[in-house]
Amino acid sequence: MSESGNGRNGVRPVTRQFVKYSFFAVDHAWLGLPPDVRAAHKSTLVAEVNSFTDRMLIRSYSTVGTRGEVDFLLWQVADRLELVQQLETAIFSTPMAPYLRTPYSFLAMTRQSQYTTESNELTLLTVKPGEAAYFFVYPFVKSHDWYQLSFETRHALMRGHIATGRKYPNVRINTTYSFGLDDQDFVVGFETDDPISFLELVMELREDPGRPFTVRDTPIFSCIRMDFPDALDTLGGVPGEVSVPAES
Amino acid sequence: MSESGNGRNGVRPVTRQFVKYSFFAVDHAWLGLPPDVRAAHKSTLVAEVNSFTDRMLIRSYSTVGTRGEVDFLLWQVADRLELVQQLETAIFSTPMAPYLRTPYSFLAMTRQSQYTTESNELTLLTVKPGEAAYFFVYPFVKSHDWYQLSFETRHALMRGHIATGRKYPNVRINTTYSFGLDDQDFVVGFETDDPISFLELVMELREDPGRPFTVRDTPIFSCIRMDFPDALDTLGGVPGEVSVPAES
Amino acid sequence: MSESGNGRNGVRPVTRQFVKYSFFAVDHAWLGLPPDVRAAHKSTLVAEVNSFTDRMLIRSYSTVGTRGEVDFLLWQVADRLELVQQLETAIFSTPMAPYLRTPYSFLAMTRQSQYTTESNELTLLTVKPGEAAYFFVYPFVKSHDWYQLSFETRHALMRGHIATGRKYPNVRINTTYSFGLDDQDFVVGFETDDPISFLELVMELREDPGRPFTVRDTPIFSCIRMDFPDALDTLGGVPGEVSVPAES
Amino acid sequence: MSESGNGRNGVRPVTRQFVKYSFFAVDHAWLGLPPDVRAAHKSTLVAEVNSFTDRMLIRSYSTVGTRGEVDFLLWQVADRLELVQQLETAIFSTPMAPYLRTPYSFLAMTRQSQYTTESNELTLLTVKPGEAAYFFVYPFVKSHDWYQLSFETRHALMRGHIATGRKYPNVRINTTYSFGLDDQDFVVGFETDDPISFLELVMELREDPGRPFTVRDTPIFSCIRMDFPDALDTLGGVPGEVSVPAES
Amino acid sequence: MSESGNGRNGVRPVTRQFVKYSFFAVDHAWLGLPPDVRAAHKSTLVAEVNSFTDRMLIRSYSTVGTRGEVDFLLWQVADRLELVQQLETAIFSTPMAPYLRTPYSFLAMTRQSQYTTESNELTLLTVKPGEAAYFFVYPFVKSHDWYQLSFETRHALMRGHIATGRKYPNVRINTTYSFGLDDQDFVVGFETDDPISFLELVMELREDPGRPFTVRDTPIFSCIRMDFPDALDTLGGVPGEVSVPAES
């Protein structure tokens, strides 16, 4: 027990980041606005979001076609929680805001893993996204039984889990911590160019002896990485790509 | 354990398909639009969807009358996830889009079954829909206990399950894999001309010794196969079929 | 096991019916429409529904006052699923459709009971509604444990259950089967003129040794039988019954 | 077992009452209507509800400030279910109806308790509300295990439960029965002038040996008793109490 | 058992407070109103809320950017429940009310802890908020098993829990009691300037031997303390902070 909690490894993390996963949905009434109004809405939204990129990391993804109730993700990383808030306030201030909802929103922080001392993909205190085409994200809750296991038992289970992950080197994991900040324990994100490898990894992990300690790992969001203007264009109505007949 | 995961049978699948089950609902305000506006909406939507059929497989079904919260299904099969997205973007670009919702959406991929080596109905990497009148679809989640069974035990249970299925040769199963892509493990679809046989099959499988490893197999969608224009016509207002009194 | 499933009793049912329980809610904006518009909406809806009564059985019930989220039930029985769909399409084609929702919808079929060989109330392949004033309806899901019991054990439990039911001869049960068609195993409906007897029956069945195998038997709908025009009139605004002050 | 169900105590209850707990919410768009329109809506609603008080018992309570999704409760007691329906039809006929919803609605009946033969607070077949300032209401579902206990064991557990209740004589319990009529087993209401006593009673009952047989006892509604016009005035906009600035 | 319930420690609490946590959401249609209308709405709302601060304690927090479905919290403390109601009535009376919802609302009271006799942070009968920048709030439900433990066992478990909390002196706990008043047992709030410490505390408590008795401790709200006008300004549109382009 003396190992646990604040500074398990004797080293208090010196710096951490807030990580926010905001999944936005667009009210479909917006899809019926005149094309030039929608174009203006989108460009203003892009400009506001871009104005924050000197202060925080923002990655955009489209979920159009992959999930029914959300349309795009803004993955945000900031040193201060207030920056995350200011970005949302800025989004609220654009003319597209009346048509935006946030059906899913996950707040987390970076943290050194309890289970590794080496510098590896699990210990990142600073989020460093890669260049992969896809991002698979879900909130993750472990059971009471898991946390009552001895640290050694959990450590051994995690070693096996990590070993399985290493069999899929083209899948890159990002684990962030939500304890006390939001409804899940962790938010887990996987970057890859190969959805098949990710599906195989998840399927193999179903047989992992640590799997039964999972209480919840849904909803799962399959996100396609795109520059923000391109992500917004998946909402339809882009001239030249699809023809929009005039409403009679 | 060496058998599991990526390439259990020593053969890495060489090609797979993305399979998307999009259940659309129409905002009932649409039912009050003038008939010619609705007709134009429907024909534009049909044209857009049809423009994709050279690049992907799209099957349409009506759920009007069989389920309360959705109206039609587009069953989509594509080699690239981006095609699924482009289809939804195209749908978003039509004038009917402001009235469309997607209350249920399931993303999956084809995959060779772990439990068969022969080429049979469970191993299809390429979706080949039949001509049956009905399609029964549901997401499927198995329990932690299932995945902790030895492969041999699971294999034996699946053999019994498959044997029961073979007693109903007029019911054709399609199994796709959602691990890591969406909230369920599998999406299962059954094509048949005979709903009674399907009901009997499901009822018999309740007594299968593998059944208790089922965590969730709902919602269940009873879908009636129709050409897309006919499916949209089940939304009402078709001249000559039912009389629409003028609003006083 | 040889007894189970398709043709347990050696007799494949020769004919069955589709049974649909559609619980409609009226958008309260409709309650603010001018009385003559509402009257026209109602009479058109009644006419359309009545036009189907030569092809299928349709019973109407009001749930106004008994349940908060639905207003009326159309209990439909048809030999073909397409008739159920055509009725909904016809309803969608009336001017009241933009104000109608279907928060609950249960699809089922008739089927001979596994537990009786005699012709009795549990074996009806053809729905024959009685004339009772009240109809209590709920979806019913049994546990994995139930279906893993031997047929003999289940049969013995059902005999006790049926015997309890027979103590309340003024309560008439209708059991329909939803396996594979919808989210529940069964839809159960009880016709009676005496709600007290029904409450007593349900309360006594709580102590039945088969009761713990129930996973879900809600929502429960208390429905008051009425001709369809009268059921629609429970939505308010009927001249002479209550006074509707003009909106100032 | 011979004691259970219909007439456990050898006496078939000769008369019972239907008890309805309707929790209404007001669409916040209503709060933006002109004050005179709202005043007219409220007075018409009051007049309609009052017109039923010669035929049934109606008590009104405000939940404004105590619960987020509902605004007021009408506690209704009638000898016939049709009266409850007629009241709702009358409410639907007033100009405020388009703005009213019923997010929670519980239907029940009075019934003599299985566990008491004396005439006491648990055996009331006729609801007799007191004059207390507060009313705490919740639906109550007991577990399968509870109903499988012998009657003697349950009786002993209930005696302890009742004894605890008697330590708080300023809290008056009303138990009504929903078996088969609605989703819960019971609806329980507590009348008191002292919320602290009620909180202490509930907290003490957490340690009752019968408590683990509770499956659900939420949502819990804290209701403040008020004449109906006063309850409606808690919806805001009453001249002289708070100032309503003109919209610019 | 003689120790439990009303006056376990032989001292009936002489005074208590009602504590209300109202989480408001703003309908995004409001974000599209002209800036001067929104400014007027906000200033009227602030004036009404401020007019109550002589009678009750009101603290404001923004959740913009930290949670998707709510925008701000009003933490209210009053000696009488009617004051909480009157505040909500006053809010309902402002022109912003049609755009306000309360997706989450928790009602509770102060109470002396069963587990401490000393005057410490767990025994406050009067809420005394600190000056910390962040407030983390969640409803808390304990299991049936917890309440069936002996008082001594629970006391021992709570001592360990409290000892862990004391390792994080910069995190200040507020525990209020909802038994019988609302759906949870407790509402727990943590004030701190250091979210990292709070995350570490919650993570360490996962391993506490009392943790498995937790049934629910979500949703978790991460709230940023702000004066009410500043909290409302996080809803966007504040001149000079972000530029709002004119709608084309």
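Should a chain be cited, it is by its letter among A, B, C, D and E, assigned in written order, with residues numbered from 1 in that chain.
Keep this in mind: a contact is a pair of C-beta atoms (placed from the backbone, for glycine too) under 8 Å apart; a residue touches a chain by one contact, two chains touch by 3 or more.
Everything quoted here is computed from the prediction, not taken from an experiment.
Participant: State which chains count as neighbours of chain B and simultaneously of chain E.
Facilitator: Touching chain B as well as chain E, we find A.
Participant: Taking shared residue numbers divided by all residue numbers at the interface, is the value for chain A and chain B over half (same) or under half (different)?
Facilitator: Looking at both copies, the contact residues mostly diverge.
Participant: Working from the CA atoms, figure out how many degrees chain A turns to land on chain C, in steps of 5.
Facilitator: In degrees, rounded to 5: 145.
Participant: Can you give the whole-Å distance between the Cα centres of chain C and chain E?
Facilitator: About 44 Å separates the centre of chain C from that of chain E.
Participant: Which whole number of Å gives the spacing of the CA centres of chain C and chain D?
Facilitator: Going by mean C-alpha positions, chain C sits 27 Å from chain D.
Participant: Using the touch definition from the top, which residues of chain A touch two or more other chains?
Facilitator: Within chain A, no residue touches at least two other chains.
Participant: Among line, ring, star, complete and other, which best matches the way these chains touch?
Facilitator: ring
Participant: How would you write out the ring of chains in order, opening with chain A and then chain B?
Facilitator: A, B, C, D, E
Participant: Considering only the defined contacts, which chain D positions touch chain E in the complex?
Facilitator: 28-32, 62, 64-69, 134, 136, 164, 167-168, 190, 195-204, 206-207, 209, 211-212, 214, 218-220, 222, 224, 233-238, 241-245, 247-248
Participant: Contact residues on chain C for chain B in the complex?
Facilitator: Against chain B, chain C makes touches at 1, 4-6, 13, 16, 18, 20, 22-23, 27, 36-37, 40, 44, 48, 81-82, 84-95, 97-105, 107, 109, 111, 144-145, 147-148, 177, 179-183, 185.
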